[in-house]
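Lettered A, B, C and D in written order, each chain numbered from 1.
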Amino acid sequence: MTTEDGAAAPDGASVADAARDYLAGTIWAQVDEALSGITATPVTDEAERSVIDLIVRVPPREVVAALRALRNPEGMNFDYLRSLTAVDLEEEGVDVVYHLYSVETKHNVTIKSRLPVDRLVVDSATAVWRAANWYEREVGEMFGVRFDGHPDPRNLLLPEEMTDFFPLRKSHPLAEIEVLQGEGIAYEEGEL
Amino acid sequence: MRGIVRAMATTLGTFVRGPVTREYPERHRPIPQRDRAFPLLLWDFDTDEPFCTGCHACERACPVECMTVLMKDNPAHTSLGGTSKRRKIIDKFWIDYARCMRCNICVEVCNFDAIAMNNTWSGHEISVYDRADLVMDLPQLLAQHKAGAIDEWVAP
Amino acid sequence: MNGEIFGFEINIWLDALARLGLAVGLMTVAAMALIYLERKVIARFQQRLGPTRTGPAGILQSPADALKLLGKEDLRPKNADPWVFELAPYFVFVPIFLVFVAIPFAFGWQIRILELGLLYVLAVSSINIVGWVMAGWGSDNRYAMLGALRAAAQGISYELPLVIALVAVAMVVSLPGDVRGSLNLGEIVTEQGHIPYIVWQPLAFVIFYVAMLAELNRTPFDIPVGESEVVGGPFVEYSGIRWSMFFLGEYTALLLLSLLGAAVFLGGWAWPLGETVAEQNEILGVLYQFGLTAAKTGFLIFTVFWVRATMPRMRVDQLMAFSWKVLLPLSFAQILANGLVLVYGWPDVLLLLASGAGLVLLAVIIDRAVKRPAERPGRPSGALEGEAAT
Amino acid sequence: MVANTHEQEFETQELLINMGPQHPSTHGVFRMVLGVDGEVVTDVVPHIGYMHRGAEKLCETMDFRQGVGYMDRTEYLANFNAELSYVLAVEKLAGIEVPERAQWVRMILCELNRLSSHFMFTGAFGTDVGVFGTAFVYSFREREVLLDLFEEITGDRLMYAYFRPGGLAWEVPDNFESRVHEVLLSAERGIRDMDGLLTQNEIFLARTKGVGAISAADAIDWGMSGPSLRASGVPLDLRRDDPYLYYPQVKFDVITGEAGDVFDRYHVRLKEMRESVRIIEQCMERLADGPILPERLPRMLRTPPGEIYERTEAPRGEYGIYLVSQGGNRPYRLKIRSACLSNLQALRDMTIGHYVADAVVILGSIDIVLCEVDR
């Protein structure tokens, strides 16, 4: 845990202070209350946090419980699933990212869950939001994440039989551009 | 019934107003100076050679990698008895118009104002039967400005 | 057995052939001209230019299209029913041309003067629905099938208001000798020398006009051929000459029904002063009468184009409801009112009053109907639940 | 039991109709399989992905300036709005201050782009409802005027690539203000024409009222956004609720519908066009001379590590850019949140139970751009 700020010596106390200051400016207190009983940790590290929204990390097993708790209309009422995606971190695993929004209170929160490379499985959020359906299909085909309990886990954008290839993983770089330039083109020196 | 009458009146209104169509192949609409079709190289009339020194800046900045640039020592450099101040000059230059996405970045990164976007109709009316014919080489890239056909506008 | 044409006596068969050839040739040319005109007129409504490339102002566009279609390969889908598929265009094409036999263009200028002309016109013109259904069924295409079923439902539904609206006029035709009622188109036109029937029967005219749009599958009733839904409906699999036969049939039908409307409601060649001019100078009179017919038909056709450029398409359930729940009862009411007036010998003004009241009622019904939002007619069946690409 | 056998004899079977990918009214390469009972749709299965080009993956290999050009290609009807999301994300992540003039010009261009996009919608929607091209030509007439202006400013009619992280690529032309006023006058006439042609037309009302209705709760649950969500009565407009640029400084109304049916979705957009005109007029008053790029901008832009989910209100709804950076000059991961994808998800709910003809109208009413759906 280091901060980018090189001037202040990164000792434990100042990091904790900075984290507390940062969290005080967010809706963490309310989110924490809504997520009682779930191991949720806010992201305070400057290199990882979002510029505008609060990010909360949740272990994979508790993701759906956390989402359900946040959606609860009597609590924070995060009723709008903005986006559901994933980030491939190579050997560290895959982050599944949920961007939530509350139409009523206009709060934003991001839920993240780190899936280990050897177990890319998480419960499906389709029971919480129907909107999660296609997003999960997309993440599934692009990253190889399996969403348990998804009603229709076919490929969405890719061909349906393409289930062994996950294009958005970092281990699959873009294909080289086949360079056509200059091939078979007559070029005469004196023409200039 | 009022809505139907109003709709009929609207169409009658446009019936009276007359056509707005531009008859394209017969009448070319004047296109603005900033129009960007495809990149072209510019010709330095003072020293009678291209502006381009082959510095690879555009090639590196191109998002779609549509350019290939080769440079050479300038035979017309002052040190060799010529009149040009350019030590290096472009040797070979290819732009694949089929791949170019006309983003103007090459023009922006060029340090010598040597490349510009074609802003005439000739840049829009390129059609060929073979895709390889869209790969333009140095003489083709220089020809238009050399002939004075380009209304030069280099984006800052 | 000799007939007479332009004052020359010729064999009756030759006479018939000549008349038929004249009609078919003329109508084909007229239909092609209509296609060109429609493209130009609608383009103007949409602030476009329409065809410009073939000949001056694109005037040769239709012949060029015809040539192109003739040169095209006549495709037939592999699974199509060959007989039904190939014969369907004729069932659309031929009846429409037959109708022209009874249409009056000027005084005495009719291919055949039929005593029951109106009946004949209506009877023959409805055959073409068979052709549409054949085309849809024979193509082995789901869009075509859907379109054909729509066409059948629509054609049958609107045939009734169309017929009844025309019958309402035929009832009130007053002939010399205080006789009312005639189905002879020539007589119907002649009797409108002073006042056309649209004045006495505005409701009947409106019903006729709407039903005519529907019969012609014209916007807002172009449901069977709706581009954005069934991509051309029954004709989706047709190409080349067969397709052009459908197309020609459509435009000929437009011309035909417009001529019919002009003759029955707008006074055809007789109003205004059709006979007076003819009494002064025979040749000028004929020309004037032709001009009158052409002008009125042209006006009707123009409004059809205008409506096409303006109106959205109705939906199939609305279309049926409009026919069976609105137009049909109103047209019956029109007949009833006419019958009462005639039987009791009430003054003719009552015809106008009753019809006008019906027209107002029609407007009110349309206004009220729109205010009720549609409901979902069906429930999910889950037939495709979890089904992969089908 | 005669009746029973009779029923068995005439057991009906559902007809499957395949609409697309080549169909006149699927707005690009979109395919849906309709299960049809007579004329009534009983099931819909949408198939997308025909236009998938891996834009997200491609952007991972491009630096921040190059990425702007690629945003155009994901949203070809509202390019300025798409570019805006991207450059805002980069600017916020890199902490760049954007000069005031650049922001106002961006706002004007985005609203003009909203106009052109909504014109495109009304035109295409008119065709879906069955007007023979008139609505389409009216809308293209106005869109042409707008595109001419865009071309004069940016040099391109469609792929503008005009916004840059930090500001604008170059200054707007000298006659910008007079040209915008001209264009607005023309656009107002276009809105009037469109209004006259469709809004009160009884047949149009009959075709659209009550069709494809979706409730506010359902719409939120499906993640719908933009005019399609507001038509259901949810006043969610990111320009007001999650402000960016100088939207808090201008006055405009958030238009909402009531029934959430096709008519409301059309009407919300039509009214929104008038609001856009209002916003542009206010922006033109506030537009002052000044720089269009920050004074100190590195030649190769780098961002500190971190992430951002930047969202803006594009004509079709929320256009989000989820940008993860691990430092360096290009994104580590870029996710494009497409409004159309979420709106399209709800298609099934909206369509089932309506007529085949309505399926086309409902699809048209959510105004999809397949490029954005598939990315």
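Convention: a contact is a pair of C-beta atoms (placed from the backbone, for glycine too) under 8 Å apart; a residue touches a chain by one contact, two chains touch by 3 or more.
From a predicted model like this one, the values you see are computed outputs, not experimental measurements.
A.B. asks: Among the chains here, which has the CA centroid at the largest distance from chain B's centroid?
C.D. replies: So the chain farthest away from chain B turns out to be C.
A.B. asks: Chain pair with the most contact pairs?
C.D. replies: Greatest count of contact pairs is found between chains C-D.
A.B. asks: Roughly how far is chain A from chain C, centre to centre by C-alpha average, rounded to an integer in Å?
C.D. replies: 63
A.B. asks: Taking the mean of the CA coordinates per chain, how far is chain B from chain D in Å?
C.D. replies: Roughly 30 Å separates the two chain centres.
A.B. asks: What whole-number Å value describes the gap between the mean CA coordinates of chain A and chain D?
C.D. replies: 24
A.B. asks: Nearest whole angstrom, what separates the Cα centre of chain C from the Cα centre of chain D?
C.D. replies: Taking the average C-alpha coordinate of chain C and of chain D, the gap between them is 42 Å.
A.B. asks: Could you list the positions in chain C whose residues touch two or more of the other chains?
C.D. replies: 45-48, 309-311, 366-367, 389
A.B. asks: At least two partner chains per residue is the criterion; list those residues in chain D.
C.D. replies: 134, 138, 141, 197-198, 201-205
A.B. asks: Which residues, counting only chain D, touch chain B once they are in their complex?
C.D. replies: 62, 65-70, 73, 134, 138, 141, 144, 151-156, 159, 161, 169-171, 173, 193, 196-205
A.B. asks: Which of the residues in chain C end up touching chain D in this complex?
C.D. replies: Against chain D, the touching part of chain C is residues 42, 45-48, 142-143, 146, 150, 219-220, 222-223, 226-231, 308-318, 366-367, 369-370, 372-385, 387, 389-390.
A.B. asks: Could you pull out which chain D residues touch chain C in their complex?
C.D. replies: 14-18, 23-25, 33, 35-37, 39-45, 47, 126-134, 137-138, 141, 197-198, 201-207, 209-211, 259, 261, 352-358, 360
A.B. asks: Which positions of chain B touch chain C when the two form their complex?
C.D. replies: 1-2, 4, 7-8, 10-12, 14-15, 17-21, 23
A.B. asks: Tell me, which parts of chain B touch chain D in their complex?
C.D. replies: 1-4, 6-7, 9-11, 13-14, 20, 31-32, 34-36, 61, 63, 101-105, 108, 117, 119, 155-156
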